[in-house]
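The structures come next, written out as structure tokens.
In what follows, subunit A forms one complex with subunit B and a second complex with subunit C.
Presenting the complex of A and B:
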């Protein structure tokens, strides 16, 4: 077994206990209220003071380009600067669509530029496998955190966690309650068939569309990111230890369902940003989308925000993809200790609560407590509460290390299904063949 | 038995002239229709950019789309200048493009002159090799270049970035100028040498004044390439204060909330400097490209 294979299997072995992820979040609220109390601390906890000259850390992330989230992070950094004088944080990174590519270029050229690197669920594995990430176990231990979400298991090697989640997103069904009411829909869909039916009833082209999901090859990241979720109603996986599974029955069903929605309910050709505008303008009734999107909508569509609701996923398993986004520390950087100080500052309970609420996130990464009041003020949260989370490694197998390449092949073939009416089975059979070849080239 | 030619009548001549005139008119109409069609295809995206930026935001979501704006709203431009450092981006792009253009023109002149006027072993192979470098896509060589630049400390530097851009345009610049230099009769250069001029004097006093359009053409090609270049700029420059416009514009695109009208307003402003540059240089460019293309 090669070193790569050893590392890969070590990383992937500790699977996330799916039932635990959201339970941790809800338990956090209960336990937190009991132990810490619902009142938020007015002061921020300062990090341990480092000795010596002022250190400037680069924090590479795409957050700076996201409305709502950017403000939340800038606020936290301001507080960090106010709390001490030794460490300064400098913004770095690129918009989401370019961010991963930039990091991979840096990696292939010998190492990471930034001291702190924000990661996606798949990028963190690449960096971990490449030996670029410092252990953050000492941060967790020094804060006495014992309830870290099991979602971190897959980035824990030899008992050392190598990234700490700062945004957990989970897919759910958001809808515009006003449009549902106008259409006289009082019973929310409880099955896939009802979901299709209701979405079609809400569609009145070209003025109103029952559903939106990213579907353009010009936006490969979001197309693939969202398409993966469509396998959940059928308990499908895109790949597993046996290799790609895109011609399996659940995936064929998933693509067929996507095609049905595309044909009958999507605003065909709308890109993500146009769809966001249409959603804000009341032209789109539903989206199968991550909870974090609500933060963008609160900023970009303030009139719509009070009408946003979610409903329980209309499939029995309630299975849905949860993605953690760990902040990581560059193990080969010059400022590892200082970078850990910043992470420690973020993970201090009062600071973490502040970050989570400012980001409008709903799944805490550990038992932080004190969030009852916050959760009760989020009327759009209900549909996300009974979700059974699954992680990207669970549905991608070893291909999680090459998620982008895998996704590019899939979306190319799915696009043929959507726009050229190519039969689903035929298109996915070709995708399967291409992915097996990819696996061969990658040694998977 | 020979057949007598048909008598040419006045009516027949008039009809033939009319037919010819009609045919000429038809050809001209066809020609102009073709021109209009090509112009429509070329200008429709630009027209759409303009319309999208000057009409109210809500109109951009209507279907069918309004081809003619019924109301004018310039808030996209106001928002652009309020929220984005567009002036800085344009300034950075201008500096970057001028630096790359200067480097490219200087090196292309020397390279082309060496290939055109000097005799040395491997000259032909080297010329072909230069062209082959154009066949490598940027994405293929970004990693090694990134590593070299990181090791040399050339990242986060507009002069450093201009070197890459110049290097990418240099081969085509050398070929354009080489072809132009080849059109100058050897006798002219030899006469100058007989009079005691060295190679550099021949180059600067004889060859370059005769090939000015070629120089301008290379300059325009280098300027345009650098102005539009994205991949290297995006990989090498992370500092907000150094971002060229191509990267700045891309930074306005986010996953869920891209302000389309503001982005297109930025695109319009982004397009203005190269258009002005081209209009100023246009007559030289056409002369340069055509002169370089024909030999003898």
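Presenting the complex of A and C:
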């Protein structure tokens, strides 16, 4: 294995995971555990309790609506159906924008309809708090997995993990290498100042834009989802145990940086779908975006895909938000055991590898091994390799349960900075006051 | 074996019962006919209203049992500055849309009421904005108003004082004007058609008499036409108020209530509170407040109409 490959495979495991490994044993033990896991479950066999009776499970997720990811999941389900006859998986759910609402409305109406529920980092917490999730610790134990990413810690209660990540997304800087080459940019930015400079050099309005990030109030979820990442260059947090921190220096710097990019490099007024099209047409040079987006671009912008690259985050800490998306089992459903069997099938090392590579994901939830060749075939992966992941609860504190309301207050004030030239300090001071009132009302 | 007499008796009894049924039917019939609509209204309208009202007196957390909150949600509402801002925006938006949509509707109806070549085609074309579905309309407008490549900028830049492409949906004032303009554009054909129908009921003898008496077209309009169509205009004002009050799709898709709450009406606020912030009981209290606002507006207009009717004898 070359040095590069070693670095890549090591780095793509979550950092805390590596620390955990160092504490508990050697890397060899980890590899052994993964191998043992693989040997224990070379093929799936339904437990005796399920045999002779066909069960149909509803799997609620937004994946069915995402190009690339949908095909990967349908393939895995075909494999699951081929491996046994007792359990069938039925597609359920809604597109991402409506999915969380659908689940919450189901909860309010009395309970979850689905046996398996795909979750986001926020939704999993809500379901956990509402006592809707079955423990999946037995799945992990039965597969002998000892290297589960510590990103699961926040959904582990009394040593029982209540969801297993099937997609980890992390923010990185994707760029169109063709545009960089055309502009004669050969040295990639290594600092925030250089990043600004290069982005401005790549901007030639109205034909080309150096950078895109969601910035419209008509897309509040995207706006807030991406804006949170802009605090990372300054090691900022939006809230912590002391309360909201939006008037802190790192956040002021983050909003100022966002404003600079907005003024000089963004395609102002472009919504997400327009920007995706502009990106596909080679009109946008860079995006600070999650790794999972590449899978969509492979399908939606096949001509651009070969030119997509990423570069190391141009800030010293390399800190970036990683979001796990755990699959969960409805604890109050009628088919808990059967649902766990499907999760077990997915988490069997060879199946998990298959799922990860078909989804074009790059961060395994446990040390599954055998991915070096796959990683070496992804030229756009470079910039995601040395990222230091942080989780949404790390940057939102207890406000994670009210993430959208918090975000709405922030983006209202940030919009004033962007479009009405309101001073950043003044706008964020008002946001801080509003968020403190929110915290007071919520008892945080 | 049944005898002939017994058969005849049975037939007579059947006839008598049939007669009774027929006599009873007229009494029952209205209730039977109304039953489906009463059931529908009860299940799909009254029950949800009751639940909404009830929710506003509780505190609900997702997946947790609800707790009695008394008037806490209403106390919070009265002290919520954002709520009062939203109410203000809602009222201004309603007034602006009423003025723009009915104003343009009246103007276009007056034009289309005159005889000219191609009038039928013009009338048909005028109705098009009203017939377009909301979502595709918004998507097209998002492109038209895009600050980078929106076609509207070509025309805006012809104005001497505009040097840069305006940020139509990003600047709070422009966003409000844009949203009102699009709402009015989408709705005016309906008002225009109704006013057009009303204009055709204005007695031509009165207009001719006014003309003979030397009235100018403007004087004839204000002295004859406008009073004749004013009941219709009043009704349309009530309808426009209700339509604009409950407008959600256009606002949400165009601006999401932003920027900085500039286009956030009560309906948008209720949606965000319930389905983004999951604060269902407070959203229910906001819903009750919105209902009271709509009711007040409707009652004011109805009172004005009743007064007009009384004055007209």
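Going forward, the second predicted complex is superposed on the first by the 394 of 444 C-alpha atoms of A that agree within 3 Å, B and C clash if a C-alpha of one lies under 4 Å from a C-alpha of the other, contacts with A are read in each partner's own complex, and residues count from 1 in each chain.
Assume a contact is a pair of C-beta atoms (placed from the backbone, for glycine too) under 8 Å apart; a residue touches a chain by one contact, two chains touch by 3 or more.
For clarity, every value in this text was computed on a predicted model and none was experimentally measured.
In the superposition on chain A, A:115 makes contact with neither subunit B nor subunit C. In the superposed model, A:274 lies in contact with both subunit B and subunit C. Within the superposed three-chain model, A:93 lies in touch with subunit B and out of touch with subunit C [touch as defined at top].
Contacts of A:206 after superposition: both subunit B and subunit C are touched. Of the two partner chains, neither subunit B nor subunit C is touched by A:367.
When both complexes are overlaid on chain A, the residue A:165 reaches neither subunit B nor subunit C. Of the two partner chains placed by superposition, A:394 touches none, neither subunit B nor subunit C.
Legend: residue contacts after superposition of the two complexes on their common chain; A:300 is shown touching subunit B, with no touch to subunit C. Shared interface residues of subunit A (contacting subunit B in one complex, subunit C in the other): 108, 206, 221, 271, 274. Partner subunit A is touched in their complex by these residues of subunit C: 60, 62-64, 76, 142-143, 145-150, 165, 167-172, 252-261, 272, 275-280. Taken together, the subunit A residues at the contact with subunit C in this complex read 101, 104, 107-108, 126-127, 129-132, 205-206, 209, 216-221, 267-271, 274, 402, 404-405, 408, 411-413, 415-416, 418-420, 441. Chain contact summary for the complex, subunit A toward subunit B: residues 65-67, 91-98, 102, 105-106, 108-110, 113, 206-207, 221-222, 271-274, 276-278, 281, 283, 293, 296-297, 299-300.
Residues 57-58, 60-61, 63-64, 142-144, 146-147, 150, 234-235, 238, 240, 250-251, 253-260 of subunit B are the ones that touch subunit A when the two sit in their complex.
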